[in-house]
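One chain, chain A, appears in both complexes that follow, with chain B as partner in the first and chain C in the second.
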Partner chain A sequence: MLLFIASEVMLFGSFFTAYFFIRVVNGYPWPPEGFELPRYVAGVNTAILVTSSFTMHWALQSIRRGNRAGMQAGLVLTFLMGLTFLLTQVIEYARVGFAPHDNAFTTIFFSLTGLHGAHVFVGLTILLFMTIRAYRGHFSPEHHYGVELGGIYWHFVDIMWIVVYTTVYII
Partner chain B sequence: MRNPLRSEAEAFRFLLLTIGYFAAIAIGALIDKWVGFGVFIVLSLVVLYVAFLRGRDEPPQRVAPTLQHDPEERRILVIANETVAGDTLHSMIREKGEGYRTNVLVVVPAQPSPLQHFASDDDPSRKAARKRLDASLAKLREAGFSAEGEVGEPDPLQAIEDALRTFGPDAIIISTHPEGRSHWLARGVVEHARERFAVPITHVVVDLESDRSQVR
Partner chain C sequence: MTEVATNGHGAHVEHAPAPPPTGLRRFTAPGWWRVLWMMPLFWGIGAGIVLLLRWYAAWDPLWEWNALVVVAFLTTMPIGFLAGLGAFDYWVHYALGGETLPEDHSGHGARSWKDYFRVNTDHKVIGIQYLVTTFSFFVIGGLAAMVVRAELAKPGMQITDNQGFNGLFTVHATLMIFLFVIPAFAGLANYVVPLMLGAPDMAFPRLNALSFWLLPIGGLMLVGSFLAPGGPPAAGWTGYATLSTHLPMGTLFFNMAVQWAGASSIMTALNFLVTIITMRAPGMTFWRMPLLVWANFTTSLLVVLATPFIAGSQFFVMFDRILHTHFFNPVGGGYALGYQHIFWFYSHPAVYIMVLPGFGIISEIIAVFARKPIFGYRLMALSMLAILVLGFSVWAHHMFVSGMADYLRVPMMITTLLIAVPTGVKVFNWLGTLWEGRIHFTTPMLWALGFISTFVIGGLSGVYLGAVPIDIHTSDTYFIVAHIHYVLFGGSFFTIMAGVYYWFPKMTGRMYNEALGKIHFWTTFIAFNLTFFPMHLIGTRGMPRRVADYAPQFADWNLFISICSFALGASIVIFFYNMIHSWKFGPKAPGNPWHALTLEWQVSSPPPVFNFDEIPQVIGSPYEYGVPGARHALLNGAKTHELEEVER
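Entry: the complex of A and B
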């Protein structure tokens, strides 16, 4: 797990290095004139993703206490919120008004947010399997390591989004 | 520096801290970019202090089992390279499980050679570990124990930590060769395990050559 996280941090780190390089080279203002990022829509999306981490945590706490219904509800809610986040990001891409090949700024914007989006997609796939397994009764208060690992991954995806959102949209 | 994503609960706590860290920086940056930069510097120094400096003075956080199980059941983890045998070990398991329904998990770490480790060729060592495990399980079952087993990570401490998460033992027994013949004892595995895990640990020395064993 530590090696996986280290490799992920390095992957995102390389994209952030490219982002800050382009930003420093480009100079003030940022984003470049003529480009505007939908920071409020992304803010709402951030709130959705952060909330999904709370429901994920609730799911794990529920199964630890033997509350299967709570775990199932938590996983379904987490999945739905993650899906909402991803669909909103797709819609944002369609309406943002620029394309990845326009210039370095747009390239790094789509690369960073797209890299994170790919991680959300992987997280949703894991969540889907977790939810199916939860409904099939594979998890119990004694055996729920699958939920634990999925939860760690989902929180990691959430943490990375907070870094991406603050860096790209806010600062 | 400690891995902050070792369990879901720790990852969730780390997420909350991340939210607080970036929210403070963002609010500062919205007021003035230099305020945001100042907040970033101050908070980053605090994080570095907590992560690297303060952590050195504190005893390492001990890992406890995350799994709960039936209170009528007693789970015993036996970690051994090739020494899951002997009357002392069996009586030790009996003693620890007395009055309870006892389940034993035997973990035999794979022991790749340095060359195999370097080449990531762990199949032969896992196969050999599986053979030792099967022999150990047969002996334990012969002695009347309910025992399961698995091949673990080459690092015995990591193998114990993995089992803590998946098995949730009430007691750990580390079985080794006598001093002088045991690599684990030379590396201080028992002492490190006692420092690292919040579960009672018993060290059993099994001398298969002279068929003698003793508890420490």
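Entry: the complex of A and C
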């Protein structure tokens, strides 16, 4: 699993490389005039996603202690927060006021956040499967590897977002 | 037949296969009947998503072929194919909260040829599936090369037009690299690595099956691109932007085929890594692993870390084309050279992905047929790790003439020349192994020796090309073509051949025809050198590559090269005749025809479904040939097999 994550990090790496070339090597003003990113909305969104990592951890700890209800609640909360994040992102895309084909700045904005959004989507799918299994009575204090793996992936998505948010929105 | 075997992973019971479904049940059971309706269904889903989004956003025109091709034809339809074949059945069952099924192993083993055409989780079946598939694409890629050489036999245009020529060499190179060399090594390793480790199978058998089935999808996409409007992809296998973002639609097929093949190799690599780390037999420490396993370990690390970069680069090209983004378009502030940096950051490590497994194969064969312990075992493994690390620091040597920053040139030249050191260590260790050995000139050994000689030539021209001044002079000439074929054909292909001949008895249970094998080697070896060596000459005199027409002073050499290349193509026919005929009619192979020590030879040929009746106990190095009393492993199964052979 950690090897798979390493592979994913390299995929993000290739996108960041493109970002680096476009922004640093080309040396144009950044962001170009007239292009503003909704930094604060995205900041709130970041807070939601980071919180969801804690609920994910809570779910895992609960099943380790044999607390099934805790795991179920943790998974559902994580799923809902992830969904909120994704929907906010979609609304942001619709209202941000520019499109991927405007210039290189918008290209890299949409591709980095979009790549991350795709990963959130995959993470949500995994969470959904975990939730279904949790409600159908699977997982126990001894056997909860599925939750653990889903959790690793979710934390990865979360940490990656912090990197993406910092580079795209803040710096 | 019920065979009960016990090992460290609990009891395996081989079930008789369920009777094939009949009537309407055919359409719901995993298999080709279900593919028939699932492919159109998933195509419809993909097309529906595209149309719905375009309709919702009021984009014009609604029916946009580029987007439809990428989403419906090249993404969702292949997923439908996989779903129909049953690659996802177990996971869907799991995701929807079904009970964890006890493994019934019905997906294991092959009882008839039909079992090779379904999702099979047995690593030995998958290995053979890989090899047969890759050799099929090898034939197609080879035919494309024959047409290219026919066109180049005379100056002027005879057979194709310029664009058709570009398409032919693009498809040739892409098939050979992504659908032959890389997966053929994966196939050989799939068969052999679990056996060498003393494991009953790979760590993730279902993932293994899935990663195989991604491969024909990628290959058929490339072959199918000849039907695309505007012809096949024609930007070379490197697909440089911004050329590739402006060519006809065939380029999309290239982008997506590379994604599918890349996903396949990432999955296989993860599988190998986990298998090698967790499934070694007791006593099999890292320093007792055969070098082939080491080679696949390092290669898999390279694949896992580097392949996402080519995925990224192809995504960018595709987005630039269908979403009109500006990754590489300088008008909107994009950075055109970025493509080359990202592409070569994968594709330079990829040349080691294409040759390190070959190094492993050669190490096995040379030790066995020289009857000597491999010289400098630990250094062999460490030099591969050194290549792994250095391989990531040399990518810009492909770009000396691209107009990149000047200060990158000299550091890249130095790291490139440094890579010759671990490679040289390996070559000298092979020579050291041969030194005063009792060399048996069997067919695999001939291929191995042929490999060393041609690879040294290719490696040396690589050192020339690593030096900036020579590279600037020879960039985009036939010198490059000669170099790449000396390392890929004389390197990778020769090692694949060595491996196929070496393990043919193990895989099929039959011996190949030794005389035909030797004839095949000598014809290929001679025709190969006559074809590609003169390219060094015409290259240094300035004949440009990737051009369908050329100046008349190169006519004589080109005619000679073309004739020799047809001889080279014809020599493959001997190989296929030998393989197919021997598979059916060859004499039965004993368990260990080469008297090798590694574990795969200690079981019957072909091995039983779960490889070992009892997981072996490894007690020593795998290469102690000629050392009195040395043993690699203790097996109970081996004793009974030896008895069987005596009785027979």
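Following the convention adopted for this analysis, the second predicted complex is superposed on the first by the 166 of 171 C-alpha atoms of A that agree within 3 Å, B and C clash if a C-alpha of one lies under 4 Å from a C-alpha of the other, contacts with A are read in each partner's own complex, and residues count from 1 in each chain.
One rule holds for everything that comes next: a contact is a pair of C-beta atoms (placed from the backbone, for glycine too) under 8 Å apart; a residue touches a chain by one contact, two chains touch by 3 or more.
Just so you know, these numbers come straight off a predicted model, no measurement behind them.
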| item | value |
| --- | --- |
| When chain B and chain C are modelled together on chain A, clash or fit | clash |
| Chain B versus chain C as contact partner of A:97, first or second or both or neither | neither |
| Touched partner set for A:142, first chain B, second chain C, both or neither | first |
| First, second, both or neither for A:132, with chain B first and chain C second | second |
| Touching partner for A:64 - first (chain B), second (chain C), both, neither | first |
| Which of chain B and chain C A:10 touches, first, second, both or neither | second |
| Which of chain B and chain C A:171 touches, first, second, both or neither | first |
| Touching partner for A:43 - first (chain B), second (chain C), both, neither | neither |
| When both partners are placed on the shared chain, which of chain B and chain C touches more of chain A | C |
| Selected from 19-27, 253-261, 271-279 or 379-387: the stretch of chain C that, after superposition, runs into chain B | 271-279 |
| Chain B to chain A touching residues, read off their complex | 3, 5-9, 11-12, 14-15, 18-19, 22, 25-26, 29-30, 36, 66-69, 165-166, 168 |
| Chain B contact footprint on chain A (complex, rising order) | 1-2, 5, 50, 53, 56-57, 60, 64, 141-143, 145, 147-148, 151-152, 155-156, 158-159, 162-163, 166, 170-171 |
| Chain C contact footprint on chain A (complex, rising order) | 3-4, 6-8, 10-11, 13-15, 17-18, 21-22, 25-26, 28, 32, 100-108, 110-111, 129, 132-133, 135-136, 138 |
| In the complex, chain C residues that touch chain A | 94-97, 100, 266, 270, 273-274, 304-309, 311-313, 315-316, 319, 323-327, 329, 332-335, 337-338, 341-342, 345 |
